[in-house]
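Encoded as structure tokens, here's the structure I'll be asking about.
As written, the chain order gives the labels A, B, C, D, E and F, with residue 1 at the start of each chain.
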Amino acid sequence: RQKYSNEMYKAANLSGVAVGLAWTYVGGDILFIETSLSEGKGELRLTGNLGNVMKESASTALSYVQAHARNLGIDPAVFTKKNIHIHVPEGAVPKDGPSAGITMLSSLTSAFTGRRIKPYLAMTGEITLRGQVLPVGGIKEKILAAKRAGLKEVVLCWQNEKDIQEINPQYIKGLKFHYVREMDEVVEKVLQKGKNRDQVRVSGSADAR
Amino acid sequence: RQKYSNEMYKAANLSGVAVGLAWTYVGGDILFIETSLSEGKGELRLTGNLGNVMKESASTALSYVQAHARNLGIDPAVFTKKNIHIHVPEGAVPKDGPSAGITMLSSLTSAFTGRRIKPYLAMTGEITLRGQVLPVGGIKEKILAAKRAGLKEVVLCWQNEKDIQEINPQYIKGLKFHYVREMDEVVEKVLQKGKNRDQVRVSGSADAR
Amino acid sequence: RQKYSNEMYKAANLSGVAVGLAWTYVGGDILFIETSLSEGKGELRLTGNLGNVMKESASTALSYVQAHARNLGIDPAVFTKKNIHIHVPEGAVPKDGPSAGITMLSSLTSAFTGRRIKPYLAMTGEITLRGQVLPVGGIKEKILAAKRAGLKEVVLCWQNEKDIQEINPQYIKGLKFHYVREMDEVVEKVLQKGKNRDQVRVSGSADAR
Amino acid sequence: RQKYSNEMYKAANLSGVAVGLAWTYVGGDILFIETSLSEGKGELRLTGNLGNVMKESASTALSYVQAHARNLGIDPAVFTKKNIHIHVPEGAVPKDGPSAGITMLSSLTSAFTGRRIKPYLAMTGEITLRGQVLPVGGIKEKILAAKRAGLKEVVLCWQNEKDIQEINPQYIKGLKFHYVREMDEVVEKVLQKGKNRDQVRVSGSADAR
Amino acid sequence: RQKYSNEMYKAANLSGVAVGLAWTYVGGDILFIETSLSEGKGELRLTGNLGNVMKESASTALSYVQAHARNLGIDPAVFTKKNIHIHVPEGAVPKDGPSAGITMLSSLTSAFTGRRIKPYLAMTGEITLRGQVLPVGGIKEKILAAKRAGLKEVVLCWQNEKDIQEINPQYIKGLKFHYVREMDEVVEKVLQKGKNRDQVRVSGSADAR
Amino acid sequence: RQKYSNEMYKAANLSGVAVGLAWTYVGGDILFIETSLSEGKGELRLTGNLGNVMKESASTALSYVQAHARNLGIDPAVFTKKNIHIHVPEGAVPKDGPSAGITMLSSLTSAFTGRRIKPYLAMTGEITLRGQVLPVGGIKEKILAAKRAGLKEVVLCWQNEKDIQEINPQYIKGLKFHYVREMDEVVEKVLQKGKNRDQVRVSGSADAR
């Protein structure tokens, strides 16, 4: 029986929310990464029972977004005027490892730009500070979890393509894979064009809708 | 013999106080979540022998309240002018887990708006940063504790409805259940309309009663 | 042989000093809770080999005092102009648990108002942030320690009355018990009316003696 | 063979230096407590391989000095203009316990007033925040160490007098004992009247020598 | 099979990225050290599952760069206007030890000057605060990893020359070695002359391209 | 075979660098203590895999330098305008104990005054806050390490003279020993008169070269 209904994915379809694939002690699973902004001074709050490596992924994703703000369409002034909270639900389950990197990057970029993530799309991949996407482990279990949960597209590192080819094709029928090398490809593939209403605007800045 | 008398629930009926259901090493139990505001700079103080996951729930609830302040009828200026203390009595008992999420959200919202929580109502459910309510465990023990303590209504996640249906109906006769999917439903169901005297007002703001 | 002489209780009779009852590994004992204020910015310093639960009690007591400052006769400006130090003597003995709550509340209120605590009076009870007094354990051992030390009155939670009734009356002859439900009753019962010389005054405030 | 020569005690005879008695894993020993002030903002730095209880003694001593500054002849403005460093030499030896309390108080008061401590005088006793001196353990071993080191006077709590009376008088011939109840007696007994050259002066204050 | 393709080294060829040689529990390996700057106040953020000794190397490298900023062609004002993030990819692998010192120095200098590091060049060596390069262990395994990964030049301490001479020459055919004594030699050997587009400029400073 | 060549000692001959003697798990060894200053606000950064006692030595040395700045020829304004980094190379080797005290004092004083330390001179001794030098252990092993490394003079506490006298004189032929009691003797013996180019100057101060 499938835990997250279709309805749930629609609920997820707010800017700041991205779907990742994880490998926990119960096997492959899907993770929601949620980013929320509030008035503040640029503090980063991380919750959801995250281990140190996963917290470092969030920090790395944020530094990347800060260093490439203008390319991503983000006013850099926002980083000193908003607090950033990244939460990964199901607080009772410990989560760790670097494989949520591109999902965190996407969640942050979505929150800062107000552009929503494509529905029914999941991601897995480590990020580097210079913008590369690195391969991750547990691909088979993660992909089967994505399939079970009703997802339709998966973004992952080009070096994980070989792991997909080893899965029996009938198990993953209907799933579309996107192989990427760099973060700008991730952003391009997963963020939708239209902004939604809760776009971040730095108070006093002129660029109205 | 019942530990909390009716009198106790009346005492609880101040803004900032909400009743949760917990599952401790002695079985199901009820928890009071108390929020108090004082002049300050937005610090969050957490006491009551809380584990890390429960502290993260409080932090997540606060971020949700901050991000949705206007919808909840809260002047956002309050977050930089008040310190927030959330306490869970019975300091000798260690408490943990994400299931106090909606109770913390309700306690915070009640403290900030001055609207009291309905009497004889308890809640249990994890919250996410984007406003969803997630199911939690130990439902049977929690509900029986609520019944024993003389409570009359319980708010919980729609995905926990199946757990209620597995309880022998005569054990829960007279208890009314509210199943919710999102936090705005929680707020709508549990907060009373009338404000009480200790409503938070940011000094210098014009909106008198 | 009795450790604290009568002389000692007179010495204790300064504003900011309250007598609590504790249950340590050597059995029931009495504790002095001492609060001292000095010029500063509102920091709270806690010493005396206190465990986390006892530190949380101090924090909860302080939040209560801050939220009810005007009712307690305290100028709220004092909280940003004084540092607060709470010390529990006999630093070699580890102390923990929530039962010093009302003693800490009384010590703080006494220090801030300059009103002394009644002599030969001890207290024990957990506090909640909304102002309730909760029952605590080890009552028999604590009361016998109070008796041995020459104390004359004890304040405790109404829910601990049953524990007093189980003690052989001849062991507690001459001890007077006060059962309370809420913190304002504690303050009313234990603080004396007259202020002493070392009353706290915020520099620049007009209310001279 | 005696470790500290007479010459060493002369060297110790600077304001800010006091001699305590400790009980370490090698038996009774003498401790120098050194306080040094430098331009700063009131930070307290503690070094010398001190355990938590001993660090709390230093903090308690400092709060006492701050709260009674004027009585001790100290300009309270100094506490925000100087950093305070308390060091206990022989960094390789772990030290703990509350018995250095009155020595720390004396060292601090000496540093702030510029009044030197009497030579050949040692102290041992716990302090409380309201100014009492409490008894400590290991008296026999401490006193014998003081005797071996060539000290001539010892200040201790009146409740330790019974421990002195149990020592064979010929072992402590020539040692003079001062029994005290409160800290102001300690200060009166151990601090010399004359100020030395390195008295603390807050820049801009008018009271020249 | 070789993990990092040539294409990867081109991607690495951004200012702020340097290649180090490490000795992990799986044997010799290559490490990318990535430095990214963003608007801020001089904070240093370190990620990549680094142990304390490796974090200290980063701190030492930064102090060296700060103390020799002008010689390195860096405007010292930058240190209070930028946050610095050093990340070492493959977050799942714990990394420690001092041997990444010269690589961190090079990465930082490259990020601050905008000068790129020579492609196909790796480094290994501890740094001291006064500018010396110290020898490190595991040379044979590190060099073989560099060879396998397709690197062409290696910079290391002159005291490691003897370790190179013990390797069978046919295993390292085509690799060029640079032996250095001091950090200024490292900077001279590894940083290219041309600046690339993302050179750091402190806003308001006049030295345009 | 000797690890540090003469050439290395010349490199060491910069202001801020002092040579200590340590006793590590591999026996006696020499340590370089390096101090570097950069623009800042008086922070103290300590690196080199130092244990707590050794970190406390650095803190004690700094307090001494701050309290005696004018006697040492240091403008006290420098302490709020520079960050201080003390590093002890060979980060892979854990180091601890109080015996580097006088070496840290010398390194700091050298860095702040710009006066270099005499070449081929090593030191070992604990410091106290009031300026005394205390004896340390492991003298024989440390002295033999100094001899092996080609050093010519050693400064140590007068109470360690007896340990030198127990060493076979032919092992230490050519080594000159300086026995000291107080820190001002250390400074006088080890710091050279001439300042070198990198003397610390507080910007805006008038005393040009």
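We take it that contacts are C-beta pairs under 8 Å (C-beta built on N, C-alpha and C of every residue); 3 or more make two chains touch, one makes a residue touch a chain.
From a predicted model like this one, the values you see are computed outputs, not experimental measurements.
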| item | value |
| --- | --- |
| Interchain centroid distance [CA atoms averaged], chain A/chain B, Å | 30 |
| Computed distance of Cα centres, chain D from chain B, in Å | 52 |
| Junction residues of chain E - those touching two or more other chains | none |
| Category of the chain touch graph - line, ring, star, complete, other | ring |
| Cyclic ordering of chains (reference chain C, direction chain D) | C, D, F, E, A, B |
| Complex interface listing, chain B residues touching chain C | 8, 11-12, 14, 16-17, 32, 34-39, 45, 47-49, 83, 85, 87, 89-92 |
| Touching residues on chain D, where the partner in the complex is chain C | 52-53, 56-57, 59-60, 63-64, 66-67, 76, 79-80, 97-98, 101, 126, 128-132, 134, 181-182 |
